[in-house]
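Below: a set of structures, written as structure tokens.
Two complexes, one shared chain (subunit A), two partners (subunit B, subunit C).
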Partner chain A sequence: MPHNMETVVHPEERGWVLVAVTGTMDSTTAPRLLSTCRELKDDQNSVILDLSGVDFIASSGVGSLLAMAEEFRGAGVGIRFAALSTAVSSVIQLLNLNRFLEIFPTTEEARTAEAA
Partner chain B sequence: MSSSTKQPAITAPKLGIRALMMGVTLALVTGSVLVVGWLQERHTREALVSEVEARLLLEARNLALTSASAFMSEFPELTLHPITKELQSSQPELHLVTVVDRSGITQGHADSREIGQKASLPPELEPQSSSQPLKAGEVLMSSPTLFMAKAPVLHIQGETMGHAYIAIPRSYLDDKVSASRKQLFLALSAVLALAVLMTLIFVTRLLRPVAVLRKGLERIGQGDLETKLVLKDKTEFGMLASTINTMSSELQAAQDEMVEKERMAHELNLAREIQSSLLPDSNLETKGFVIQGAHEAAQEVGGDYYDMFELADGRIGFMVADVAGKGLVGCLIMSMLSALVGSFRDTYDSPMELLVKLDERLGENMKPGSFVTMFYGILDPDSGELVFSSAGHSPLIVYRGTSHTIEHYETQGIPLGAVRGGVIRSTLKDEAVTLMPGDCLLQYTDGINESFDPSGEEQFGFDRMGEVLAAQAGATPKQILENMQERLRDWQRGGSRLDDETLLVVQRRRAAVDSSSNSREQVQTAKWLHEAQEIGQSIVLKGNPTELDRIRPWLESIEFLANLEGAGLQLLSSAVYEACANIVEHGYQNDATKSFQLWWVQGSENPYFLILDQGLAYSADNWKESNFEDRDVRLRGRGIGLDIIHRVMTDVQFGAGENHENLTRLVFNPDIDWNLKHAS
Partner chain C sequence: MSQPSEANFPKEASKTAILKLVAQREHSLLSLMELSSELTVSLDLYGIADLALFNLMGQVGTSKSIFWMIDRAENETVLIRAHGVADEEVRGISGYFKGKVLEEFGSFGDPYHVPDLAELIGELGVSKLQKNSISVVAPVVARGNLLGIVTLGERISGEPYDDVDILSIRGSMGMLGVAVENARLYGQLVEQHRQLIQANKDMELLDQLKTEFLRNVNHELRTPLTIIIAYIDVLFGEDESRGGEMKPFLETIRGESQKLNELLEELLEFSSLSEDQMEFSFEDTDLVAFIKDYHRERLPGVSESIHELILRDHPTDLEVMCDPRQIKNVLNALVDNAVKFTPLGSKIFLSLSTEEQEDRKVIVFEVEDDGPGIKKDVLEKLFESFQQGDGSTIREVGGLGVGLNYGRKLANEMGGDIEVSSQVGQGATFRLILPLTDMENRF
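Then we have the complex of A and B:
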């Protein structure tokens, strides 16, 4: 589906918010995710991004994940990346970006992990 | 009308029916009278002979009886002389009246000098056979000049005392016959005169209609087929007159038809001349493009028209149109169309706007119900971009040289002049397609795709046209046109051409390897392109972000790539996506009317992807790997696309094509571990 990305926001316990992303993350859709997450950050919500439904990620999508991580970190708000699809994980691995993102195999693990 | 050669007036016939009839009547009457007269004369003569014989016999008997008593006297001559004299004088026609005794002495004769003399009978007498009953001693005789009867003069006791002779000349008979003949001739003359007169009157009456018929026929001969023959006649002439009237009406109709046919033929020739003078007589070649058209006129000239021309700004305009309306009317609209396109083609940048203008101007001059379907395209030979619009015309067919695929571009416009008042504007739009080297475009009129096979059940259709176009990849436009026409002839198999057939081919030539080129770099890029066009598989994408979604399925369709292990295909599509996204976003600024072409080339060396685009050139050569350790780089989150490309590919090369296109070559890395074990 071209440029189709959906984000579903689930408020969770202890100030965490789960944002489930499905579809394509490209130059059209990535900025929308970024602004959604920025709003959550401004409200001091910690965010878990469920990326299991992302079937394609373009460089702009990767860039927005990196920028998000840095902005959250700068604001002192947590952001975790969970259940990366092959499309996402292969690119993250290719660029060796794992060390800049808090990545968890599942959303459950992201929810229960201790703060880094 | 055909000119009739003037015949000299016939004043009189060489052999008139009147003279002929009179001659025949004359001959018949004369003949029959002569035959009847001859028979009659024969009969009369016989009757006269018989009568003369009877009379001679009777006279001879009477004379003999009278002589018998005279012989008893002493001087019979005294009695017999007055008797014979009396007989002779009362019947002067008698030649001889004489009585002779037993000793041959004349006893009775009109001439007294003969009495007592030895009787001398006329010479050459022969006994004559006769129907008269003769008594004993009686004899009938004749000579060439006489008839004579001899009767015996008998004594009372039966003894023959002498003979009585009575003769009459044959001329007596002839005189009688001749008199009768004279009468016959008189009667004959009278009858003949009457017959000739009657014939003359009758034939003249009978032939009176001939003059009327002749006058009528002469009038027809002079070309007057309107005036009818008036003839009240109950004979065959009356029938003839009505036949002539029917004939002249039919002649009139045939003549009218012939005049109409001649007029149509003249009009047809005129229309053909106009049409052929309007159509271009050569092809157009510029900057790697060849545009060539072909037109075959139907028996009855149709209204097909095509043209191509260089516009003031260096771009190429071309059109194909079909005027509804054949013959001279169609041709006039065609000339009008040609003139209008000539005057407005440099005024309007958009094909759609030109069509709207043409609709407005044609609408002012065309009869309601007539219309023109028209395709108009403007080709930029530098970029290969074609912008076109179609007013109810047949779909555009494009053959893609590298993917060997056929694309149809259908538009929704209504024909020019079909609906008045500018309605057409809302139905038209400009569309764009980019022609890559090796691509070929076909425009045409419905005489091609709607051409029926001999059974009249199936049309030639778009698919066959596409097949021919695809089969002719690499041929010159001229060859393509000829082959298309040949296939069409085969399809029609001798059937007549019912509509004009027009074809227009626009071909973009394949890039040639030009080793004489100045720069080594140009030679190199020309080689890539040549190889890609020869052996590569390709896809044409528009300058629209949604088009990028077609990359992944296309890659999956390539067997070699589909079989890569691990995340191979995923990463390759990311890398190719990034390269293409650069062109769409930066090179083309998301302009969907532009296109670019992507090849996968598996040659002798490492396989590679090649991208040919006409967008803004980008200087990607001085790329440096992003340093993600730098927080600012991560915060910015941009320029990562090139990192993806460089990490997936062995090499990334850029170059320029011969017409200032951009070439991007992404060399496949056969050594990469797609399982990404190198990345922790």
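Then we have the complex of A and C:
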């Protein structure tokens, strides 16, 4: 399986920076996403991760999402997960992670929803 | 610990529940397979830690994990990575895993449910772990030796870790143990090889210093000796005109002076043979690629000593005329000192930048650590000790003299310098500063 992942950071809108992720999330590609999100967190940017383009997520990818959520929470900065692809949502549901991650069906809903 | 059996499957469960359980087991199995292939890639301790912890967290569905290595010398733990647990809490937890606890803990390879650790770490220790939502503590073992400890938090789903989960975690720990052991052995090999090369260079430096010394001594002795021999010839003439009474004495003096002169000639020849000036070879160098390669080259050795080497900042591109070999020699001196004088688990940061200083542009390589820092009185003598030849000072700073002094000498020869700043408790920063515009015309 090719280890390709692209992330595109969109400019801030209504207080949220949108990071669109496409490709594979595994041990090779997930650290890059983590690094990008950490930089945004350190600059106190709230982040929406658009995961609609993720066609495969390995356990290490899931682990990095959980670590990310924990870090943002600890820093008091918001992070939301939107438009999960089937590959991502099936693992999230299998491990019952919906209660821990703030998940929204679309990026627009993630952007406009009230704080949890 | 029981083997997986029908008892692990709910008897009255619906088809949906059974399918979900099967899917979860399949997920665990896939996670193990992913981990086994992922661990073949990284040869750096911290990279391995990231791989393993993220895999485990995604495998069981937890946001909390910690990985410690064991410091055999002190018989205590050294933190490598922690997720979801505050630093002070991690320090508090690690206090329960040292000394005799580690000796007993490493006897078995099985992960523990936290309550089962009461006998080993006491109720207070169990309570501390549970307060931080830690559910499982697993030893990382290789070849019968306890290498480290991994803790995993409660599952976000709220489900407990059952026997199959513990088996799966044990399998992951086995793979992690082998990967860590391999990384350490590889790191040791790389570091020993590098130290051999460095020792060779140190010998060349000492040889060069000896040569300079011999040349200086030679010159200082030959000049007066030449004068003495010349005046002896004058005295011979004077003595002859007065009857030659002093002739035997003058012949003795001339004979001994000539012997001394011959000895000095031999010394001069010897020092010429072993002459080896500091050589520089300037070439077009992509410094961004250089610093990335340097970081990659030093990573296994530094990680093996349980220090984390992080390449922090660098420009997008920077191509200059310089001597990358000598720059590497200076960086080695700085990184070696950071490894030597900071405790295990410390971080060492590398960065590359350019600055404007007094109307000239300079390149700056920075080596910063988060160690205990350098006392003010030691800081002031850091580069003076070798120059003054003050043996007591060198011993006091623990042998910093030769490596740093050689590094500074190289920096000076390249038209630059090394600066150091530090405060006790706040680490130390060494900056190698080299002129950007002058270097091309310097040699």
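The rule is short, and it goes like this: the second predicted complex is superposed on the first by the 114 of 116 C-alpha atoms of A that agree within 3 Å, B and C clash if a C-alpha of one lies under 4 Å from a C-alpha of the other, contacts with A are read in each partner's own complex, and residues count from 1 in each chain.
The working rule: contacts are C-beta pairs under 8 Å (C-beta built on N, C-alpha and C of every residue); 3 or more make two chains touch, one makes a residue touch a chain.
Every value quoted in this text rests on a predicted model; they were computed, and no experiment measured them.
Superposition note: with subunit A as the common reference, subunit B and subunit C are in steric clash. In the superposition on chain A, A:Thr86 contacts subunit B only, with no contact to subunit C.
Once the two complexes are laid over each other on the shared chain, residue contacts for A:Phe100 go to subunit B and to subunit C alike.
Look at A:Ser27: by the touch rule set out above, it reaches both subunit B and subunit C. After overlaying the two complexes on the shared chain, residue contacts for A:Ala69 are found with subunit B and with subunit C alike. In the superposition on chain A, A:Ala58 contacts both subunit B and subunit C. In the superposition on chain A, A:Asp50 makes contact with neither subunit B nor subunit C. In the three-chain superposition model, subunit A touches both subunit B and subunit C at residues 26-28, 58-60, 62-67, 69-71, 91, 94-97, 100. Considering their complex, residues 20, 23-24, 27, 30-31, 34-35, 38, 41, 50-51, 53-64, 83-84, 86, 155-159 of subunit C touch subunit A. Against subunit C, in their complex, subunit A makes its touches with residues 26-28, 30-31, 58-67, 69-71, 74, 91, 94-97, 99-100.
Subunit A contributes residues 2-3, 24, 26-28, 56-60, 62-67, 69-71, 86-87, 90-91, 93-98, 100 to its touches with subunit B in the complex.
The touching residues of subunit B, when paired with subunit A in their complex, are 545-546, 548-549, 552, 567, 570-571, 573-574, 577-578, 581, 585, 628, 631, 634-641, 643-644, 647-648, 676, 679-680.
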